[in-house]
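After this come two complexes, each holding chain A, first together with chain B and then together with chain C.
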Partner chain A sequence: MAIDPLKTVGQNTPRIDAYERVTGQATYTRDIKLPGMLYARVLRSNVPHAMIRRIDTSKAEALPGVRAVMTHETHKIPYGSGSISGGRQYSDAHKDITTRLRYTFNDHVRYVGEPVAAVAAVNRHVAEEALQLIEIDYEELPFVLDVEEAIEPGAPEIWSGGNIAHDSENRQQPIGGRTGDLEAGFAEADQIFEDRFTTQFVQDAQMEPRSALAHWEGDKLILHTPTQGVSNCRHDTARDLGLEDHQVQVICQYMGGGFGDKNGNYYFDLIAAAFARDLGVPVMVELSRKDDWLATHGRWHTVQDYRVGVKDDGTVTAIQLNGLSGMGPYLRRSGNVAGMDVYACENTEKSILPVHTNRVVSGNFRAPTYPQGYFGIESMMDEVAYKLGIDPVQFALKNMVRPTETKQFTNFTLDQCIEQGAELFDWANRWKPEPGSGEGPIKRGAGMAFMMFNARLGASSAILRVNAEGRYTVYVGVTDIGPGAKTTMSMLAAEELGVPLSDVDIVWGDSDRCPYSVGESGSRCTMMTGYAVVEAARDLKRQIAENGMPQGDSVLIASATPAPTTNGKLREGFGAHFVEVEVDTHLGDVRVTKYVTVHESGRILNPLPALDQIRGAVIQGIGQALTEDLRYDSRNGQPLTSGYYWGRHLTHLDVPQIENVFIETDDGLGPYGAKTVGESGIIIAPVAVANAVYNAIGHRMRDLPITRDKILEVVA
Partner chain B sequence: MKTFANHNPGSVDEAVAIAQAAISDGLSVSFAGGGTDLLQLVKDRIPNRPGAGAPDVLVNLKSIPGIGGIAVNARGGLTIGGLAPLSALAASSVVRQRYSVLAEAAEQVASPQIRNTGTLAGNVCQRPWCWYFRNGFNCYKAGGNQCFSIVGEHQLHAIFGGGPSFIVHPSDVAPALVALEATFHIIGPHGERTLPAAEFFVLPRDDAGHENVLGDAEVLVSINLPASANGVHSSYHKVMDRQTWTHAVASAAVVLDMEEGLCRSARIVLGGVAPIPWRVQAAEALLAGERVTAELADAVGVAAVAEAQPLAKNAYKVPLTRRLVERTVLAVSGVA
Partner chain C sequence: MKDSHDSEVSRREFIGGTGAAIVAANTIPVKAQDRSGESNERAIEDVPLTRITLTVNGTEHRVAVEDRWTLTELLRDHLGLTGTRIGCNRGECGACTVLLDGEPAYSCSTLAVWAHGRSVQTVEGLEKSGRVSKLQQAFIDHNAPQCGFCTSGQLMSATALLQRNANPTVREIREALAGNLCRCSNYNAIVEAVQAATRTGGA
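On to the complex of A and B.
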C-alpha cells in the first residue's frame, strides 16, 4: 500500500531539543536548584521479609545538618500506585476497595530495598551519613523467592490470605480465559507437544537515577520528577496526599529514559512532598544507582508451561498455557503474558497466576507482557516446526493470525513482514535444516520470530494557539521519554497547519500548563496525543479561515480531545526479526552476527527516531536473551547483581548493525496513519536470538538468559 | 559518602609516613592511584582493607612525581611506575613489541575511561569482584570469617586454590606480570623490598583477608620486567560476559620462548579462575622442548585443568579454561 508523501511528516527531523541535551544545557530534575533546598536519602530494608519491632532515629536526628527523619511511625502515606496501576484511567475504583494497599513506609517489609526511613539534611552527604545511624530491630520472617514455592501450601505468607495476587476485586484468580474448543482442538491433533519455558527479571535500567524535588506554595504542591505522564503522576500524588488534582503541579521538562514504569507516581515523590510540607522548604529526594535498581521495577519473571496440538501437515489445532508471573511483594502491574493471539489457532486456553515473592517489585518494562510471552510461545512453536520437519518460516506463514470474518484488521501486513525479512536476511541460505550441524567449534545458526502489537487505551487533549506574529504554540502533556515526542507533536502541528516546523513552539511536561495526556506508555503517545494535536490544528485552521489571522494582542486558540475508534477492527503493528548467531562451543560465547528487522507501524512520522526506537529495543531484547539478570542468593534473599556492571547490559561492541526496514502504510486512522513504534522492537528479539542459538547448536535453550554456563553444560 | 581527609604527598616516603602516622592514630587509610575503584568502594562503604571501615584518610599518590613512567632500564628490561595508566601500557610501543601479553592484558581491562585513569599498581592491587564482597557482605575479604559463595552463588568463583575464600583474582595485568616473571618493588615503613611477582600474591589459605603481601602502609611503587629475549612470543586471551567492562570469566597469559619451531620453555598463568594468578606448571612442562601442534595444544589444555576443583555451579569453567589455554597456546605459537 503506497502512502502519499507529506511536507513535514515523514522527513528525517533531528530532535528539536537535541542540542540542549548533548551540550548539558537540558535541566533534568536533579539539576534544579532552589533557594534553601534540602536533600533527602532513603534507608532501605536489608532483609527480605520482616516486621519492624522498633526503629530508633534519635542518633540520626542528632547529627548536625539533619533536619528531619521520616518513618512508618511518623508518616502513614498511602502509595496507591505502588500496589495498583497508576493513573486515573486504570484504577481509582480499585484503590478504594483494595485490601492490599501499600504505604510509603511499611512496618511489614517485604523485600530487600523496601523504604523504611528517610532523612532530609542540608546536603546529600549528611543525609546519607545519617541513614547509617538509624537503628532498626527486625523480627525476621521466612521468605520466598521462587514463584512455584510461593504458592505451595505452607509457603511464607507475604500477605495474609496467600501469595496469589489479588485482581481488581480482591479475588485470587488467574488471568486469561478460553477461546474456541480446546478439547476438540487437542482431539483433532495428530501430535501433542508439551514444554516449559522460563524468563528472568530484567531491570528497565534507564540512565537517569530517579529523584524528586518538591516545594509548596500555600496548599499547593509543585513536584519536579522524571515521569512518563505528568497527568497521571499528578492524579496519583494528589490522591495519596489527600489533595485535589488542582493542588498538585507536576513538572518534567527533561528525563533520562522511561522504558515503561513511570506513568504514575513513586514513593519518593511522596517523601519529597511530605518533607517539603513539614519543613517549609524545597526538598530533593535522590536515589543512588543501587536504589534505582532494587527499589523501582523491572520485567516480571515467568514460568510458562505450554501444550500444543498440531496436525501432521503443520496446522496448529490447540494451544494451552499455564503460567506464573513473579510480581515481587506488591502487584504494581498486571503480570499477564502475551503472544498467543499472533497465531490463527482458535482453540486456546491461557491461565496466568501473578504471584507475590520477596523479590524486587515487578512492573511495566517496554511491551510489559510481550517479550517473555513471545519467548515462550515462539520457542515452543519453533520446536514444533523442527519436530515436524517444517521450515520455521513456512510454519509461521501457515499458522500466523490472518484476517477473518470475525477478526478484522484495519490493515494487515504480517505475511509481508515475514516474507520480506526472510528475503533480506537470505533465510534460505543462512538457516540450516539440521540444527547443530557444521564443522569446527564455532557453530552458526539462524532464527526468526514474528509479532503484532497495538497501542493501549486512553484519550488525550491538545491545545493550539496562534498569535498575531504568526507563532503557533502546541500545549501537550508529554514529557519526551526518548522517542522524541516533543519533535513529533511539533511536526504534526506544522504538517496539519501547513507551516514550517520553525514556526511552531511547544509547551510540554507541566500539568498546570498542558492539558491531560495519557502519558508516554503503551506506545500510544503519538497515537492519542498526536491525534489530538491534528484535530486541534484542524480546528485552528477553520478558525483562521473564518476569522483571519489574529491582529494586535489577540490570539486564536483551539483544543481537541478526540476519542479515536477503529470501528471494531484490530489496529496492529506488525514485525518479523531474523537473527544469525555464532556460538563458540568451546568457550560458550554467543555472538549475534546479523540482525534484520521488518516492521510495519503505519506511516513513519519521523524516520530518525523511529529507527532508533527499533534498534534500541532490539539491543535491550538481545540483552534479555543473553546476559541480563538479577541474581539472588536463595539462602538469604539478597540480590547480588544490581547495577550496570553486574546487570551485564549490552554495549555497542556486543551488537551488530541492526538492519531495519519499515513497510509504510496508511490505514486512514491515527495521525496520518501512524501506528505504534516504541515497544515493537523488543518483543521478539529474545526469542529470535534463542531460536538462532537452537539452530546453531541443536540444543533448545528454555531458560533466559542464555548464559555461557548453560551453553557449555550442553555442548562442552 | 563518608567524609575523609585527603593528603597530597610529594614523595613515596612522605606518603608512607602519612599513612603510618594515620594508622598509629587508629585511622583507616587508603592509598589512591587512579581511584576508579576506590571511589566506588568508598561510596558503597566496602572496606579497602579487611576489617577497616571506609577510609578516614586518603593518600593521593598522583601528587608524587616520577612514579608513572615506562622506561628501558640498565639491565635491558623495563621499569614501569606503579602509577602508569593502563592505557599508556597498552599504547607503549616497547611493551607492545617485547611484552605483548602485558599490552594485550592492559587493553582489555574494563573500559577506555577506566584505562585512562586506572593505573598498573591499582589494577594489580584491586579488591575482588565477588558479588558478596561488593554487596557489603561481611566475608573474609571484608574482615569477617566466612565465604558466602561456597554454598551460595559461585558461577564466577574459583576452580583452583579456593578455600576458605573462593574469590578469583580480578586483575588482567597480574597474570601477564607473573608469566613475564616480573619483580615488584615495594616501599613501606620498614624500607624497600623487591619480590618476584608470583610471591606478591597470597592464597586465602595463607591469608584469607588479603590478596597480596602489601602491608597497610606499603606502596607498590614500580614493576620490573626482565629483558625480553629474541624468540619470546606472548599473548593474553580474556573471556568476558560482554565485550567490555567486565572482569575475566577466565583468562590465559601465555609466554612461549620459541626457537626454530621448538618451544624452549613456556609459562602459562590463568586469570579469573583462582584467588591469585594461577600458574599451571604441569601444562607448561608438556611444551618444553616440543614442537607445538594442535594435538600438543589440546594436551596442554587438558593438563592445565587437571587439578581443577570446581564448585557445584561453576563446573563450566573447567572445559572453558581448557579450551582457552589450548587456543592461546596455538595463537602464540603461530599454529593455526
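On to the complex of A and C.
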C-alpha cells in the first residue's frame, strides 16, 4: 500500500531539544538545585524476609547535619501503586479493598533492598553516614526465591493466604482463558509436543538513577521526578498522600530513559514529599545505582510449559500454556505472558499464575508481557518445525495469524514482513536445514521470529494555542523519555496546521500546565496523545478560518480529547527478525553477526528516531537473550549481580549493526496512520537469537540468558 | 594531603573568595526540631578540606574541596556544571566521563583532590564561541542521544579519540567508546555520528 507523502511528517527531523542534549544543558531531576534543599538517602533491608522487631535511629538522629529520620514507626504512607497497579489507567478502586497493601516502609520486609528507613541531611555524605548508624533488629523468616517452590504447600508465606498474587478483587486466579475447543484440537493432531522454557528477571536499568525532589507551597506539593507520565504520577501521588489531584504538581522536563516502569509514582516520591512537608524545605531523594537495581522494578521472570498439537502437514491444531510469573513480594503489574495470538490456531488455553517470591519486585519493562512469551512460544514452534522437517519460515507462513471473517485487521502485513525479511537476510543460503552441521569450532546458524503488537487507540488530551504573532503552542503531558515525543508532537501540529515546525513551541512534562496524557508507555503516546494534537489542530484551523488570526493580545485556543475506535477490528504493528550467530564451541561465546528486521508500524512520522527505537530495542533484546540476569544466592537470598557490570550489559563492542526496513502503510487511523514503534523491536529479539543458536549448534537453549556455561554444557 | 587541611581560612571565606558556588550546607535555613543547628554547622566544617587549583574548560578555579568529594561532585554540585552525569557512581557506565589533561576519565571514580594542578574538560567546554563542535553537530544530525543521559560521556570519549586519531575505523570507534554504556542501546547511531565527524566523514 503506497502512502501519500506529507510535508513535515515523514521528513527526517532532528529532535527539537537535541542541542540541549548534546551540550549538557538538558536539566534532569538531579540537576535541579533549590535554595536550602536537603538530601535524603534510603536504608534498605539486607535480609530477604523478616519482621522488624526494633529499629533504633537515635544515633543517626544525633549525627550533626541530620535533619530527620523516617521509618515505618514515624510514617505510615501507603504506596498504592505497589500493590494495585498504579495510575488512573489501572484499578483505582482496588486500593479500598486490597488486603495486601504496601506501605512506603513496612515492618514486615519481604526482599533485600526493601526500604526500611530514610534520612534527610544537609548533604548526601551525611545522609549516607547516618544510614550506617541505624540499628535494626530483624526477626528473620524463611524465604523463597523460586516460583515453583513458592506455591508448594508449606512454602514460606510472604503474605498470609499464600504466595499466589491477588487480582483486583483479592482472588488468586490464573490469568488467561480458553478459545475454541482444546480437546478437539489435540484429538485432531497427529503429534503432540511438550516442552518447558524459562526467562529471567531483567532490570529496566535506565541510565539515570532515580531521584525525586519535593517541595511544598502551602498545601500544594511540587514534585520533580523522572516519570513516563506526569498525569498518572500526579494521580498516584495524590492518592497515596490523601490529597486531591490539584494539590500535586508533577514536573519532568528531561529523564534519562524509562523503559516501562515509570508511568506512575514511586515510593521515593512519597519519601521526598513527606520529608519536605515535615521539614518545610525542599528535599531531594537520591537512589544509588544499587538502590535503583534492587529496589525498583524489572521484567518478571517466567516458567512456561507448552503443549502443542500438530498435524503431519505442519498445521498447528492446539496450543496449551501453563505458566508462572515471578512478581517479587508486591504486585506492581499484571504478570501476564503474551504471544499465543500470533498463531492462527483457534484451540488454545492459557493459564498463568503470578507468584510472590522474596526477590526484587517485578514490573513493566518494554512490551511487558511479550519477550518472555514470544521466547517461549516461538522456541516451541521452532522446535516443532524442525521435528517435522519444515523450514521455520514456511512453518511461520503456514501457521501465523491471518485475517478471517471473525478476526479483521485494520490492515495486515505480517506475511510481507516475513517474506521481505527472508529475502533481505538471504535466509535460503544462511539457514542450515541440518542444525549444528557447521564445521567447528566456530559454528554459524540462522534463526527467525515474527510478531504483532497491539497499536490500540484510546483517549488522551492536547491543547493548542495561537497568538497574534502567529506562534503556535502545543500543550501535551509527555515527558520525552528518549523516543523524541516532543518533536513528534510538534511535527504533528505543524503538519496539520500547515505551518513550518519552527513556528511551533511546546509545553510538556508538567501536570499543571499540560492536559492529561496517557504517558509514554505501551507505545501509545504517538497514537493517542499525537492524535489529540491532530484533532486540536483541526479545531484551531476551523477557528482561524472562521475568525481570522487573533489580533493584539487575543489568542485562539483549541483542545481535543478524542477517543477513536477501530470498529471492532484489530489494529496491530507487525514485524519479523532474522539473525545470524556464530557460536564458539570452545569458549561458549555467542556473537550476533547479522541482524535484519522488517517492521510495519503504519506511517513513520520521524524516520531516524523511529529506526533507532527499533535498533535500540533489538539490542536490549539481544542482551536479554545472551547476558542480562539478576542472580541470587539460594543459601541466603542475597542478590549477586546488581549493576551494569555484574548484570553484564552490552557495550559498543558487543553489538552488531542492525539492518531495519519499515513497510509503511496508512490505515486511516491514528495520527496519519502511525502505529506503535517503541516496544516493537524487543519482542522477538531474544527468541530470534535463541533460534539461531539452535541452528548453529543443534541444541535447543530453553533457559534465558544463553550464557557460556549453558552452551558449553551441551556442546562439550 | 594532611598539610593542606586548612584551619586558618574558613571554608566559607575561601570558597567565597574564589567565586566558586556556595556549598548547600552553608545556606541551609536551620529547621531541625530538636537539635542545635549551630553544632551541625560546626561538625560539618570539621570535614577535612583540601585546597586545590584546577582548570575547568579553560578557567582556573581555586577551591577548597572535601577530601571525600569525587570530581563529579565538585563539577556538578559546586561548580554548577551539571552536564556531567552520574549513571552508577562506581565506574561501570561512563556517563561521568570527562577529559583529564585530554584523556577520558571516569569523574565518579576520580577524587576531586586528584585533579589538583590538572586540566579538566567537560561537555560544557565543547561548544566554542556559541558554536557546537563538529562532533556535537554530528550527534544532533544522527540522533545519537535518545534519552541523552549517556551522551555527555560518549561525546567526551569520542572527542578524545578524534583528537588523537582524526580518521578512526568503526572498530577503533567502538573500542574507544567501549567504556560508555548506553541503556537506550543507541550504539549504532552513536557510532554513525562519530564516523560522520571524522575527517573523511566516515566515507
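In the analysis below, the second predicted complex is superposed on the first by the 712 of 716 C-alpha atoms of A that agree within 3 Å, B and C clash if a C-alpha of one lies under 4 Å from a C-alpha of the other, contacts with A are read in each partner's own complex, and residues count from 1 in each chain.
The definition used in the following text is that a residue touches a chain if its C-beta (ideal position, glycine included) is under 8 Å from a C-beta of that chain, and two chains touch if they have at least 3 such contacts.
Since we're looking at a predicted model, the values are computed, not measured.
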- Applying the touch criterion given at the start, work out whether A:24 contacts chain B, chain C, both or neither, answering first, second, both or neither. second
- Who does A:650 touch here: chain B (first), chain C (second), both, or neither? both
- Look at A:708 in the shared chain and tell me whether it touches chain B only, chain C only, both, or neither; answer first, second, both or neither. first
- Between chain B (first) and chain C (second), which, if any, makes contact with A:716: first, second, both or neither? first
- Which of chain B and chain C A:631 touches, first, second, both or neither: first
- For A:51, select first, second, both or neither according to whether it touches chain B, chain C, the two together, or no partner. neither
- Query: After superposition on the shared chain, which partner residues are touched by A:184: those of chain B (first), chain C (second), both, or neither?
  - Reply: neither
- Message: Just checking: does A:589 make contact with chain B only, chain C only, both, or neither of them? Give me first, second, both or neither.
- Response: first
- See if chain A has more residues touched by chain B or by chain C, and give me that chain. C
- Message: Looking at A:658, would you say it contacts chain B, chain C, both, or neither? Reply first, second, both or neither.
- Response: second
- Task: Starting from the residues of chain A touching chain B, keep only those that also touch chain C in the other complex, and list them.
- Result: 125, 288, 645, 650-651, 653
- Message: Give the list of chain B residues in touch with chain A in this complex.
- Response: 1-3, 43-45, 131-132, 134-135, 137, 148, 151-153, 155, 239, 241-246, 249, 313-314, 316, 319-320, 323-324, 327
- Message: So in the complex, the part of chain C that touches chain A is made up of which residues?
- Response: 23-25, 27-29, 31-32, 34-35, 39-40, 42-44, 47, 66, 68, 76, 81-90, 92-93, 95, 122-124, 126-127, 132, 136, 139-152, 155, 173-175, 177-191
- Which residues of chain A touch chain B in the complex? 125, 128-129, 132, 288, 290, 441, 586-589, 627, 631-636, 638-642, 645-646, 648, 650-651, 653-654, 707-709, 712-713, 716
- Task: State the interface residues of chain A toward chain C in the complex, per the touch definition above.
- Result: 14-15, 18-28, 30-31, 33, 35-39, 61-62, 64-68, 122-123, 125-126, 205-209, 254-259, 279-281, 288-289, 481-484, 608-609, 612, 615-620, 623, 643-645, 649-653, 655, 657-658
